[in-house]
Amino acid sequence: MATVRLLQDEEVSAEALAVFDDIRAVRGTEYVNNFWRALAHDPALLQATWERLKVVMAPGALDPLVKELLYVAVSATNGCEYCSHSHTAAARAKGMTPEMYGELLAVVGLANQTNALANAMQVPVDEVFEA
Amino acid sequence: MATVRLLQDEEVSAEALAVFDDIRAVRGTEYVNNFWRALAHDPALLQATWERLKVVMAPGALDPLVKELLYVAVSATNGCEYCSHSHTAAARAKGMTPEMYGELLAVVGLANQTNALANAMQVPVDEVFEA
Amino acid sequence: MATVRLLQDEEVSAEALAVFDDIRAVRGTEYVNNFWRALAHDPALLQATWERLKVVMAPGALDPLVKELLYVAVSATNGCEYCSHSHTAAARAKGMTPEMYGELLAVVGLANQTNALANAMQVPVDEVFEA
Amino acid sequence: MATVRLLQDEEVSAEALAVFDDIRAVRGTEYVNNFWRALAHDPALLQATWERLKVVMAPGALDPLVKELLYVAVSATNGCEYCSHSHTAAARAKGMTPEMYGELLAVVGLANQTNALANAMQVPVDEVFEA
Amino acid sequence: MATVRLLQDEEVSAEALAVFDDIRAVRGTEYVNNFWRALAHDPALLQATWERLKVVMAPGALDPLVKELLYVAVSATNGCEYCSHSHTAAARAKGMTPEMYGELLAVVGLANQTNALANAMQVPVDEVFEA
Amino acid sequence: MATVRLLQDEEVSAEALAVFDDIRAVRGTEYVNNFWRALAHDPALLQATWERLKVVMAPGALDPLVKELLYVAVSATNGCEYCSHSHTAAARAKGMTPEMYGELLAVVGLANQTNALANAMQVPVDEVFEA
């Protein structure tokens, strides 16, 4: 269960429905996933989030698969169940192989380990790392 | 300051010095950064961490630059000052351009935002995301 | 499932039962929620937590609804499933409207986003912010 | 130090300078704080972040002071040094009294405490909390 | 559900099966828990994680029960559902009494509370704490 | 700098001074560390926090050194600079040896690593772990 009901198409405002339609068009599927159906209670927040996602995850200096891998890394670190599932699925759809996933997990695990060590010891930053 | 003194070469055990030497050889520089000098109080932990880092960050299904970007994403999410600096520097050394960094920041920011939204609303995972 | 059994009234110590009774009296309901039934394994911890909650969440310079909104914001950021549900319900009981909830989510999302950006770039604090 | 240089007005792009000017106009001060000077390396990210901040933090169903209090609560929970300072200063500028700040701290402390307890015991969510 | 299928013995590689066998031998049980069955998709990551766990959790300057208590404390703080369950069970198997668990929870709760307070106020570190 | 001024003895209320005096008496030192001097702006919060600390950290089913180790583990995981320093110093004062600290770091590092892995893969909890 969520803290809000997941809204069906016939329950949402015209503004929210337009976002749903854009999600469908951009992704080439009729399926609108639960995150958006929860956000639809606040059409302005729904629209702002979706519009930002489209811009940020588009191809650029980093390719879309790398961006999904980064999303999975952040979601795992935050312990976000929903986002770990949705973005792992998205990464696979964009070409993440089992080998890539294994290496992603290894890096995420190691980074969380050494982050904890550096924070525990409060290691001072080396001057050579200064921008 | 750190919770432990940063050890100089002449203060560490033979086992720790061997790790320092390997760090120098692998990286092609005389400089050994503070993280390793703090860990050197426990030579076994130093060695295990360095050996693991060599394996995990080596080229594989993901290239080393992507792995560094993932490391930065995790470090930023954990708020690790040391790791944010050291791995941002490492990413630049491996070819991260300002454009890539800007996009990395945008993804990390967005992921932390939507992680918080999904966690706040406790959105249930869609069946379509099942492995 | 929890890591401990949820204790029913007839299973708890007299000290724990007195806390349950106070929860009922203060809230005007017979229902004692699972968090307290789990904590009841350690009556001293149960009592200390409940006594503190009564003091902290009482009306003061901040009104009780604002305090619940703050609780939801922290719980979402920590990814606490139980607390996100219980305090969102409590906020609604104290008058949180759907519009307020939408704005709360927007602030929590944005704050998590810019926290990640500031941490990633390790932006130095401006002198003007000094107390 | 930051991972990027803080850019002065004469170093930034026209797009970034327009954002700086808008920050000045909206806030009624010449001072542009470090966060924006760091983000200015990526004018598009700078603009998107600022535009979103203006919308989210504007008066609405929640007043601007409450929104700043929420921002401080999230920033403290994430351990964001920069944001804790900047948003505590902003909250004071919007009317947060010492009494309010004390109560804010008390709620943030308690919420982090009970979040940890609920997560440790993995307390199942009560059906009565369902939306 | 997990993001990967949990692998049964007859599905895993010889390398992964050898790890499963070692887990069984070391623990004196036929049962291999889900974490390892998920990791088995990447036999190298499975092996490295298990080998490290054996070393780190072995008796040393700290006894194994204390190490499990520390594991529970970290897992609760990170909000890791799986690890909170598995390491609480492990701590009990190693002798954690209900009284110990209550005190563990009290410390974890208090530490998360004062961490949030210290982070919120950004209290400067006293010189007397310098190593 | 902190978000509040650190208060000297001659600036605090009688209630806060009584807490300072109790800290001195219990610890057998004239030194009152910065955390309490920051909290002194809100005497009620200062007193409640100190009183709770005395109870929770006292000898019980767990000895005070183990409790300090747990405090360090939580503080490292949360990335709390102040608490990592103050509780590492406290642990040393209570008998933590360099060997113990090395093992503590190893456990904290490993736990953060496997927490991230379990969260990334969203491994379902085994029935055998049920309380």
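Note that the chains are named A, B, C, D, E and F in the order they appear, and that numbering of residues resets to 1 at the start of each chain.
Quick note on the criterion: a contact is a pair of C-beta atoms (placed from the backbone, for glycine too) under 8 Å apart; a residue touches a chain by one contact, two chains touch by 3 or more.
Quick caveat: nothing in here was measured; it's all calculated off a predicted structure.
Using the contact threshold fixed earlier, the set of chains in contact with both chain A and chain F is B, C, D, E.
The chains in contact with chain D as well as with chain E are A, B, C, F. Over half of the residue-numbered contact pairs of C-D are shared by just one pair in A-F, D-E or E-F, which is E-F.
Ranked by separation of Cα centres from chain B, the top chain is C. Chain centres here are Cα means. That of chain A falls 26 Å from that of chain E.
Centre-to-centre separation between chain C and chain F, using Cα means, comes to 21 Å.
The multi-chain contact residues of chain B, meaning those touching 2 or more other chains, are 1-4, 48-49, 52, 74-75, 77-81, 84-85, 88-89, 99, 102, 105-106, 108-117, 119-122, 125. By the touch criterion stated above, chain E contacts chain F in their complex at residues 1-4, 6, 31, 33-35, 38-39, 49, 52-53, 56-57, 60-62, 66-67, 69-71, 73-75, 77-78, 80-83, 85-89, 97, 99-100, 102-104, 106-108, 110-126, 128-129.
By the touch rule above, chain B contacts chain D in their complex via residues 79, 84-85, 88-89, 98-99, 101-102, 105-106, 109, 116. Residues 1-5, 48, 52, 55, 125, 130-131 of chain D are the ones touching chain A in the complex.
On chain B, the positions that touch chain C within their shared complex are 72, 75-77, 79, 81, 84-85, 88, 105, 108-117, 119-122. Per the touch definition, chain D reaches chain B in the complex via residues 1, 3-4, 41-42, 44-45, 48-49, 74, 78-80.
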